[in-house]
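Shared chain: subunit A. Partners: subunit B in the first complex, subunit C in the second.
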Partner chain A sequence: MKRVPQTPRPPLRAAGILILLALMVAVVAAIRFLALDFSGVMEPVSLQQMREYFVQFLQPDLTASHLQAIGNAALETLGMSAIGTLLAAVFGVCLSLPAAGYFGRVAQHCARGLLNILRAIPELVWAALMVLAAGLGPNAGTLALALHTTGVLGRLFAETLENTPTGPADALRGSGGSRITAFCYGTLPTLWPQWLAYTLYRWENNIRMSSVLGFVGAGGLGQMLYIHLSLFQQAQAASVILTMLLLVFAVDSLSLWLRQRYLAR
Partner chain B sequence: MPPNTSHDMSSTNAQTAQFRQRDPAAAPRLLLALTFLLLLWPGLHYSELDLSVLFDSDSSSAMGALLGNAWPPAHDQAFLELLWHSTLETLAIAIAGIALALPVALLAALLATRALSRAALHQNGSPALAGRLLRWPLRALLILLRSVPEIVWALLLVRAVGLGPSAGVLAIAISYSGMLGKVFMEIFESVDQRPARALVGAGAPRLMAFLYGILPNAAAEMLSYTVYRWECALRASVVMGFVGAGGLGQQLELSLRMFAGDEVLTILLVFLLLVLLADQLSRLLRKRLV
Partner chain C sequence: MSIALRRVQVTHSAACASPVQALAEINLEIAGGERVAIIGPSGAGKSTLLRLLATAQRPDSGTVELLQQQPWALGGGSLQKLRARIGLIQQAPPLPPRQRVVTAVAAGRAGQWSRCKSLLNLIYPLDVAGIHLVLGRLDLADKIFDRCDQLSGGQLQRAAIARTLYQQPELILADEPVSAMDPVLAEHTLALLNREAQQRSATLVVSLHNLELALRHFPRVIGLRRGRILFDRAAAEIGEGELELLYANEQLLAPQQSPLPQPPANRCC
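Let's turn to the complex of A and B:
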């Protein structure tokens, strides 16, 4: 009789079970710590109030003058994201060269540290700081987007710089080309498409982000939403939220279409 | 002079002539560049860009006041205790938010997925019309929940349930149940479908088919994505404090309003540390669980 080969017994995953237990303890502790108590919210009176509040959002204000103001704010949002991303791409290139070690080790560490700090602080915090520095309005939002995105793009650009094959640049150096020539004709052509792709990807992110930066006063759709909600104008706020959604859907489908058209080949 | 040399010469000439032809990609590139410039010009107008404000921050301006007392970072006992409480609050908001989002997302994904359709067995994987019509509104709801940014949810909920961490928890629970639900649904549909189909075909209840046919293959990816989303929720809960939803963000906003540069610096340092630790923890968890 042929013996069926025994499959090895699956290892007892004690560590996995322990981790899951720890996670459960963490969840219980978190809910205890916050003293979350939704029983007050669940009372009929407050439920009724909440329903009244949210029902007001179902009748968005679609009058021409309001729509025009929204259109203006949407253009402001788009402008902030485009200029912010462009600035970030320029500064990112400037910082990625030292961060990839083109100007020695000291410059490399300084540039990397700077990029890490820029990237680690979220856009909204930058926006709050920039509102202090530059005053209310879209300029603050543009600067905030540029600062955070510089950190992101600078790091991505530096990584591609480090991973790019050095053959073409070495050949140009070997045949007597200057460093700048070698970089422009040996390194840049292979990097260029990747840098462009990263920049477009971040632009997509920034469009989404710039629509909420206005919550701290940095212009665009967010500022409009914040003002209308503060004035308890739910109908006007609802149409701003609808515009945000439309903007996000439009950007998503455009980027999907472009990706399928140009990257699938 | 042998006759074939001239032949060679003429062919090289033809080749150089060919090389001198214009770059075939020149016209579209030029057009694209021009479109970009045309689009950027109004962008420059709308964004009201003015870089000079970054450099002339003299001590009379708000930024100057903030930077002036930024060093050393605030480290008195009372403030550190306050900060510790806010940090714990931020952590707890992220954990409780994800914990609330997870069951909702699981349920929605189970209801919306095509992987457990009975009719799909006989129809080449496409579910019956009625099933598709019933799943469609659920999918639309998931899209709506995750397309509204979490900070907008927070802003709306602060007005509905009041200032404080419960608005933050609910905002994370709402937007992340949409995100997790959609991704879970995609994971269910992307794993090997044969075990679940065999079970459904043999007459097993669909919950059993899910538990024994799909979950074993999908669990690792689901856990890893959930942990990653927890990390995102932590960052989001810091930001949501700015609209009054509790945690470190609310403390940061208060300190910014009072131009207390030293407190701002301490909070930012704590925030960076928190994000770094969360990153390490999430990496460790994903390695252990997967």
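Let's turn to the complex of A and C:
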């Protein structure tokens, strides 16, 4: 029995090219639709205005009483973002298991829907709602961060779960391990570093975010910044902004150090 | 009877348009305590057969009986108990890269330990002495607290073997367990597996690429080709002709008419 020799052809990647074209069309369409025009920014009048406003920020208020107020607010911001992220990580883990299809299709769709809703509503809206529900202050901010971040982390966690190789867990099921044991011994070792990295990254985001949340009255540095900006106290606002910068740098380097120390490879 | 297969058929249909018959009408009986090698060319169905014996693969038709039980007629709990008595050593050991060897080996007892004990062991290894002993027999004792991704291919294979030995199954299955080891280690490891099986009168079924190792270490050898058993007899009785027939490859031996040998047209993917 002989087969007719025939050179194999590589599979055509038409879909890839189409997607690329569609993306390019979308970018052009978006620029057209938004009527984006950056020329106004470079005009001398607006440049002059921007400079005058910024110069007022160059003398930050560093008096002891103001610094103490900033310190308290910074602690509040840190606490809000940390507790919010921690809560979100816990709920995210709880929701990612059903969202990755561990408990059947019905649960999967419910969990995914819930995560989508949580994620689709921005932190600011959550904060505004929570201020109504829990009153002004860090309570509302923490809850708002926790709710939105649960949506984000739950989705990321579920995706990591789905992409983790199932071989190790299958092998353990094959040698008689229960589902929980197989998960803990086979899946978790690959999973938890990624989960931790995502959580640290979201914490970093949330510190930035929690300062914005203050604008709707959810406590922390943001609320302080909002008050000083509204009262045109640029000097006080400047020191708040400096503190925010320091905070973000500190958390950034902390999470970088943690990732390199414990999650490298 | 430790293993009894009657008219077992397995067809792989995933991804391919035309289903590939991996095992065709296999009849096989292996008594308790027997040590059997499975040989055959690549793609003969050796891995499928071993996965079938490990209850990782469900047959399309026919009956499978393992350790006097029919796994596919059992409920979840009994199947789990049966699986705890069967150990499969896979060709590419499925050990999580970031796990420490001591934990990876301890996972062998996951089916025997209670859930609490298993979870506790994750936090603090409970049986370091026992695991150290098993690793020592595979010349891997110094790696006990290393991470799995720090091991070489051969060391990883030995860690997987250590896990299965630690499991102490009544039926030991191994799919190419020494493919990444040097000849001396391969020799030593196969001897160890055989000794271990004999001491605990466990049944041992190993698939091998290396003919010499198969013929030297195993009393009974099964030749598998294209999903069928070509021969099944004592190692001493196997003739040169049978081996040639087993490994004959028409595609490679056929006169080369075109410069590029073609895969059959219906093998898609």
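Simple rule for what comes next: the second predicted complex is superposed on the first by the 190 of 265 C-alpha atoms of A that agree within 3 Å, B and C clash if a C-alpha of one lies under 4 Å from a C-alpha of the other, contacts with A are read in each partner's own complex, and residues count from 1 in each chain.
One rule holds in what follows: a residue touches a chain if its C-beta (ideal position, glycine included) is under 8 Å from a C-beta of that chain, and two chains touch if they have at least 3 such contacts.
For clarity, every value in this text was computed on a predicted model and none was experimentally measured.
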Exercise. In the superposed arrangement, which partner chain does A:Ala171 touch: subunit B (first), subunit C (second), both, or neither?
Worked result: second
Problem set entry | Of subunit B and subunit C, the chain that contacts the larger number of subunit A residues | B
Exercise. Which of the two partners, first being subunit B and second being subunit C, lies in contact with A:Ala107: first, second, both, or neither?
Worked result: neither
For this session: For A:Ala235, select first, second, both or neither according to whether it touches subunit B, subunit C, the two together, or no partner.
Result: neither
Exercise. Where does A:Cys184 make contact in the superposed view: on subunit B (first), on subunit C (second), on both, or on neither?
Worked result: second
For this session: Figure out whether A:Phe249 sits in contact with subunit B (first) or subunit C (second), or with both, or with neither.
Result: first
Exercise. So, does A:Glu76 touch the first partner subunit B, the second partner subunit C, both, or neither?
Worked result: first
Exercise. Where does A:Leu86 make contact in the superposed view: on subunit B (first), on subunit C (second), on both, or on neither?
Worked result: first
For this session: Would you tell me the residues on subunit A in contact with subunit B in one complex that are also in contact with subunit C in the other?
Result: none
Problem set entry | Residues of subunit B that touch subunit A when the two form their complex | 39-40, 42-51, 53-54, 57, 61-63, 66, 88-89, 91-93, 95-96, 99, 144, 147-149, 151-152, 155-156, 159-161, 165-166, 169, 235, 238-239, 242-243, 252-253, 256, 268, 271-272, 275, 285, 288-289
Problem set entry | Touch list for subunit A against partner subunit B, complex | 15-16, 19, 26-27, 29-31, 33-34, 36, 38, 41, 50, 53-54, 75-76, 78-80, 82-84, 86-87, 120-122, 124-125, 128-129, 132-135, 137-139, 141-143, 208, 211-212, 215-216, 219, 225-226, 229, 241, 244-245, 248-249
Seminar exercise, completed: Listed in rising order, subunit A residues that touch subunit C in their complex are 2-3, 5-8, 165, 167-168, 170-178, 180-182, 184-187, 189-190, 193, 265
Problem set entry | Contact set on subunit C toward subunit A in their complex | 54-56, 80-88, 90, 92, 94-99, 103-104, 107-108, 110-113, 115, 118-119, 122, 149, 164, 167, 169, 254, 257-258, 260, 262-265
